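Several structures are given next for inspection.
Heads up, the next two complexes both have subunit A, just with different partners, subunit B and then subunit C.
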Partner chain A sequence: MKKTLTTLALGAAMAAGPAMADLVFPDLSYRTGPYAAGGIPFSDGYNDYFTLLNERDGGIGGVPAKVIECETGYNTEKGVECYESTKGEGALIYQPLSTGITYQLIPKVTADNIPLHTMGYGRTSAANGEVFSHVFNYPANYWNGASGVVNHLLEENGGDLSGKKIALVYHNSAYGKEPIRTLEELSKKHGFELVTLPVDHPGQEQKSQWLQIRRERPDNVVMWGWGVMNQVAIQEAANIRFPMENFIGVWWSGAEHDVMSAGAKANGYKAVTFHNVGRDFPVFDDIKTHVSDKGLAAGAGDQIGNVLYNRGMYAAMLAAEAAKTAQEIHGTKDITAAMMRDGMEALVMTEEKMAGLGMPNFGPAFNVSCENHGGPGLVGVTQWDADSQTWSLISDFKATDGEVIGGLIAEDSGAYAAENNIEAGCK
Partner chain B sequence: MFYREAGDFKTSYQGDSQTFPIKFDRYRYYAVMAFAFLVVPFMINDYWANAILLPFLIYSIAAIGLNILVGYCGQVSLGTGGFMAVGAYAAYKLMTAFPEVSMFIHVILAGGITAVVCVGFGLPSLRIKGFYLAVATLAAQFFLVWLFNRVPWFYNYSASGQINAPERDTFGILITGPNAPAWATYLFCLIFLTVCALIARNLTRGMQGRSWMAIRDMDIAAEIIGVNPLKAKLSAFAVSGFFIGISGALFFSVYLGAVEVGEAFGINKSFLVLFMVIIGGLGSIFGSFAGAGFLVLLPVVLKVFGVDVMGWPTDIVAHFQLVIVGALIIFFLIVEPHGLAQLWRVAKEKLRLWPFPH
Partner chain C sequence: MPEQLAFAMEVTLNGLMAGVLYALVALGFVLIYKASGIFNYAQGVMALFAAMTLVGIMNGQVPFSHLINAMLGTEIHHFGWHVPGLLAILLTVGVMVLLAWLVQVCVMRHLVGQEPIILFMATIGLAYFLEGVSDLMWGSEIKTLDVGLPQGINIAIEDATYKLFDYGFFVDNLDIVATVIAALLVTGLVLFSQYTKQGRAMRAVADDHQAALSVGISLNFIWVLVWSVAGFVALVAGIMWGTKSGVQFSLSLIALKALPVLMLGGFTSIPGAIVGGLIIGVGEKLFEFLVGPMVGGATENWFAYVLALLFLVFRPQGLFGEKIIERV
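The block that comes next holds the complex of A and B.
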């Protein structure tokens, strides 16, 4: 037994030699388990965009992109296995779509010199590039999301939230706990009362939380949920007749599958977002001709244009643009992970660039720099219309409370640097 | 022919009562040990360490710990995940409080702390038995996970409630953190596994193990012949907790590096380790290894076969994995209710007679 293992090990070590023919983008997806409803559309969008680049443009700068999919099931142990098994294949960038796996990978990618992009999730303080050299979370992070929610509520209430009561229903994990600190700071600043209600994994059981909401009568409910928890929460809110327009989720709690099951009762539910929604973009025509009509669409091919599909596609687009930037900086087509990191750090997204890619106004225009890996943190608000079954942007991308967030990022990243003996600074 | 006692004369009591009385068995054991200690560290890479060998070694320690409690002493426990969490959080608090102390000491202390906690939760076993005890340990599982989620002191007040293993060393060699070499983490866990297995094997062969087994087989009869149930049950909880605490500490600090208590040490972990013990074989040290190996390796093998060799979609393979592992568990429980260890025993009996079976 032991012997066959090692012969296999030798074989694996030899086979895992760097094959520089393709640009490798591992996709740590989850198409199974209680979080699959969110994992499938994201992964489909991520895969389809690279398929589109290969079919339409012959890859990135002429080098074909190769997506290696690895199923994590939102499980950290499987995530580690996926990371170790794909990193030898010349992986350029990791996007695990899981805050738990992100925490595991942050020290590993830094040691292995591979960039990690956690778009709108992961460790918020990674926005400080001076401490987290290999981790990026542009264009927006959880704390921007929390502040975006509060800003929207401020707008609705004429700029005054004092005396209001806001309840946070959150997934009881690293992911769900992230916004609490920011919301606490903001509650001090704006004078609202914050009630926090944890929901344990996987989130099917929320009766007691919603009973408490009924008792406490908050003016607004904010949700930090994922997977099956979202559908259950929206259904429970409908059951206690909580007004949907006062119920607002983070961007991971605002996709079609979250609201569909509650039917017409979910009408008016809101969610913040950092990218545009809908299928009203020229890029979808290209995806139709080059990907789905040729039968190359990932998965079942039925997710195109959904909120999370768009997000996966946006993630792939940012990765591809960073790869292009890296190719320009280093003057070579066959970039390595280290070059990819430089490309991400020098990424410039402009309106013209996005329009040229067939995605005009798809996300905010921003620049990444060594000091700021977090982007501008602009947050918009979407609302669900149950009749037409569409999400639509009701508030454009607006700035969030940089003062509060910046302070918290400096504090948290400083603590990480001290704990791990990292000398902050830009090389 | 090779595998038999004939001609292997023992001239001392020590020789007669050794762990592997058959010469062939003994040499096989030495060969495996030499291979694990002297060959594997030189050919190991990150993938083999982090994806296969570390989980195998660490789950083996946990399975040995649980086997002592369930397999030898007959006290059903569903709190393994919670007890592993105690080991992990103890290691974390020790690592951050005393950074200059060697990792060996931290892991052993974490095991000791878990042993104390485990004895505390083992106290009800003196009054309740069987399913009722399983429910009491289930309460321990939920209570401990809730506690580590609820009290910020345990995770040093970090914003996310995660614990992260900082870089720590032993004799100047990095053991934890991303820069630790694969061979060092592997050897570190292997040393713990070897020592734990030796202790467990010798404990279960001696008076202590016999009193555990007496309690398991019939506690009233055991009490009548003079086995103190208080001592026997609580010592089983203590030893089991010690091993499970070590495995939890290694699981967090060496293997994963960052842990979220609800996800890593949830009820699923308790069931996983219990399945390892049941599939491997209750009341067998070898069974603990076999069960851990089976449940750690099988998913990886299925994944490599399905995705890398056959090129099937990852979600299909993940679903098949559940089906196949489930079917194999049922198959083993029907065909061989005593687990993989019994297959091994049968194979050894056959070997003894080979090549003349009559």
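The block that comes next holds the complex of A and C.
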């Protein structure tokens, strides 16, 4: 009897303990706090995709994926605490969905030999893999976003922006200030006037900024916002009767919840993107069958197909594909974080591969290399239809200004390398 | 008229309107502080809770549905009905009264006679608790609030000012409504405190707890009443701000806008909250208009506090606050 009880206790302890073979993907989420509206759908998408892989495919290469969620509240200190508390669990990759947390984690992940993926956010110059060996920001970064906006405006204006006035309404934080340098360079190149209007956190009150826009009458307004700032800006733009088709946001200002509060007045508002939008992809049928219908969805299941849900799912898909690549490179299913880094650096995303995953034309095809951790930097444009309450991709994913962005990346990453005594290069 | 002067007038007008919205939040703080000496850190979260409850009731949302579904494996989210705005507001007022009673019974009653800092800490705890309950009860997603308030530029003012100054001023219809409602609210509060038995009892408690007790006034009742009125004010502020931005967590941060108003106007004066709000609103907007472009903008948040501190140097109790003299 005593032996049986001991066996049972040991068995229970083994079952309750972490399965060593699991592939661990920490999710530094924020389901609470002022930015929860953006954090929830992203995390739901991230979690649901790994659940889908476990339920449909038995994991990645037959090894179950395990997501460890840690709440950061979009707070940098908490984000670092989450990193420290989860890295010992065998974490393969971090995707913190916060530029502030990213900046704190860059030296830590490099020292700990764990890759960091900051898709469309974080430190832009991390695209230079020769300096930032463990940081990846493919398929596009902030500066691609800024250049994508300008390219779209160039297209709309017959390739000529000279004499135009473009206002940038931005979150007054490290994140919001990211595009300024690029836009300044692009304003010199294309001859438009750039007016910058900072909005303090959280952005609930923006009357001054929109009165100034009303006075200065810019031809276009570009928004670099997050959280409540987005909803208020779109409402204020509608209030001053600024034409929505001339108002365009970065990808963090282009989700359903950003435009819904303004109702019909938000119709025509645009945002750049680095992935596709909507529910018209076979992967969602699989998620319904293998995740939601089984009651395994990460959230209430009401975010599926939303812009930020898709982005979280895309982030998870890219991580899973990098893990598969790492398994192939190293000839083992049970990969480590160091192997995962190699997988990310050797990642090849083709349209054929994405179609096979049920995500045809979901994002651009690209290759990652040691020199280029930033991917191709292709940017598309989406537009909000208030009647159908849907975002639609209204352009292809197009190239951004590599000349300007490349120069800025070289300059910023060079300064980082000098400050931190990093010898740039590929080993 | 020079263009810049017209712009400055427009900014001033909008500053006044913004000030009214700040004052709406500050009023809730004043009511509780005046009656009980408690600085209610949870006032901003009460505005969030009230607005979320209002939207939840209007949409027929099942409270705690995520929790219920997770525990019981059900898929219940809505009752299947929509409640008209006015009725939903009345029901929300009921919820805020219930909340006031719970706060009094579960928290404040046990802390009678404690140091102000203890009471303040209790309200910090209450704020975080209420934040969590709001999320759990109604979910964290952004909710659209539409109780029929008009939004957008007021065409009549735009046309009239265009004729006068050759430049049409922007004034948001919602801000005009907020101003009218704030005026009604203050008038109502003044009439309530001057001409009703409960209002006079409230004032008596505010003046001297011991003396009020000695003439048979129930402190428990008065504090429930005060928290209820503060809850109602929070609901009004929540509706105004929530209509603008959608109802979401950030509503709780509007309390930050009320602090300089309180510092300037005084913690114990209802007119002080209004005048303080107007001064802060106009001051920060004009500063942003005149100086902002020279220093890179985004001056409003810090300038409001600088302005309040400047007033504090000359009147530590605020413009309308009661001067506290302690004799040894």
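Just so we're on the same page, the second predicted complex is superposed on the first by the 408 of 427 C-alpha atoms of A that agree within 3 Å, B and C clash if a C-alpha of one lies under 4 Å from a C-alpha of the other, contacts with A are read in each partner's own complex, and residues count from 1 in each chain.
We take it that a contact is a pair of C-beta atoms (placed from the backbone, for glycine too) under 8 Å apart; a residue touches a chain by one contact, two chains touch by 3 or more.
Not measured: the values here are computed from a predicted model.
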{"item": "Overlay on subunit A: subunit C relative to subunit B, clash or fit", "value": "clash"}
{"item": "Contacts of A:H257 with subunit B and subunit C, given as first, second, both or neither", "value": "second"}
{"item": "Residue contacts on subunit A - larger count, subunit B or subunit C", "value": "B"}
{"item": "Partner chain in contact with A:Q231 - subunit B first, subunit C second, else both or neither", "value": "second"}
{"item": "Which of subunit B and subunit C A:D342 touches, first, second, both or neither", "value": "neither"}
{"item": "Touching partner for A:N172 - first (subunit B), second (subunit C), both, neither", "value": "both"}
{"item": "Subunit B versus subunit C as contact partner of A:T110, first or second or both or neither", "value": "first"}
{"item": "First, second, both or neither for A:T32, with subunit B first and subunit C second", "value": "both"}
{"item": "Touched partner set for A:E205, first subunit B, second subunit C, both or neither", "value": "second"}
{"item": "Which of subunit B and subunit C A:N420 touches, first, second, both or neither", "value": "first"}
{"item": "Superposition clash, subunit B versus subunit C, among 19-27, 289-297, 325-333 or 343-351", "value": "325-333"}
{"item": "Residues of subunit A contacting subunit B in one complex and subunit C in the other", "value": "31-32, 36, 40, 172, 198, 200"}
{"item": "Subunit A-touching residues of subunit B, taken from the complex the two chains share", "value": "32, 35-36, 39-40, 43-48, 50-52, 55, 96, 149, 158-162, 164, 166-167, 177-179, 255-260, 262-264, 266, 293, 300, 303, 307, 313-315, 317-319, 322"}
{"item": "Subunit C - residues contacting subunit A, complex", "value": "7, 10-11, 14, 18, 66, 69, 73, 77, 131-132, 135, 139-142, 144, 146, 151-153, 170, 172, 241, 244-246, 248-251, 253-254, 257, 285, 288-289, 292, 296-298, 300-301"}
{"item": "Interface residues, subunit A side, partner subunit C - complex", "value": "31-34, 36-37, 40, 172, 196-200, 202-205, 207-209, 211-212, 214-215, 227-228, 231-232, 235, 238-241, 257, 260-261, 263, 265, 295, 300, 302"}
{"item": "Complex contact set, residues of subunit A against subunit B", "value": "1-3, 5-6, 9-10, 12-13, 16, 29, 31-32, 36, 40, 69-71, 73, 75-77, 80-81, 84-85, 87-88, 99-100, 103-104, 106-108, 110-112, 123-125, 172-175, 177-178, 180-181, 198, 200-201, 299, 412, 415, 419-421"}
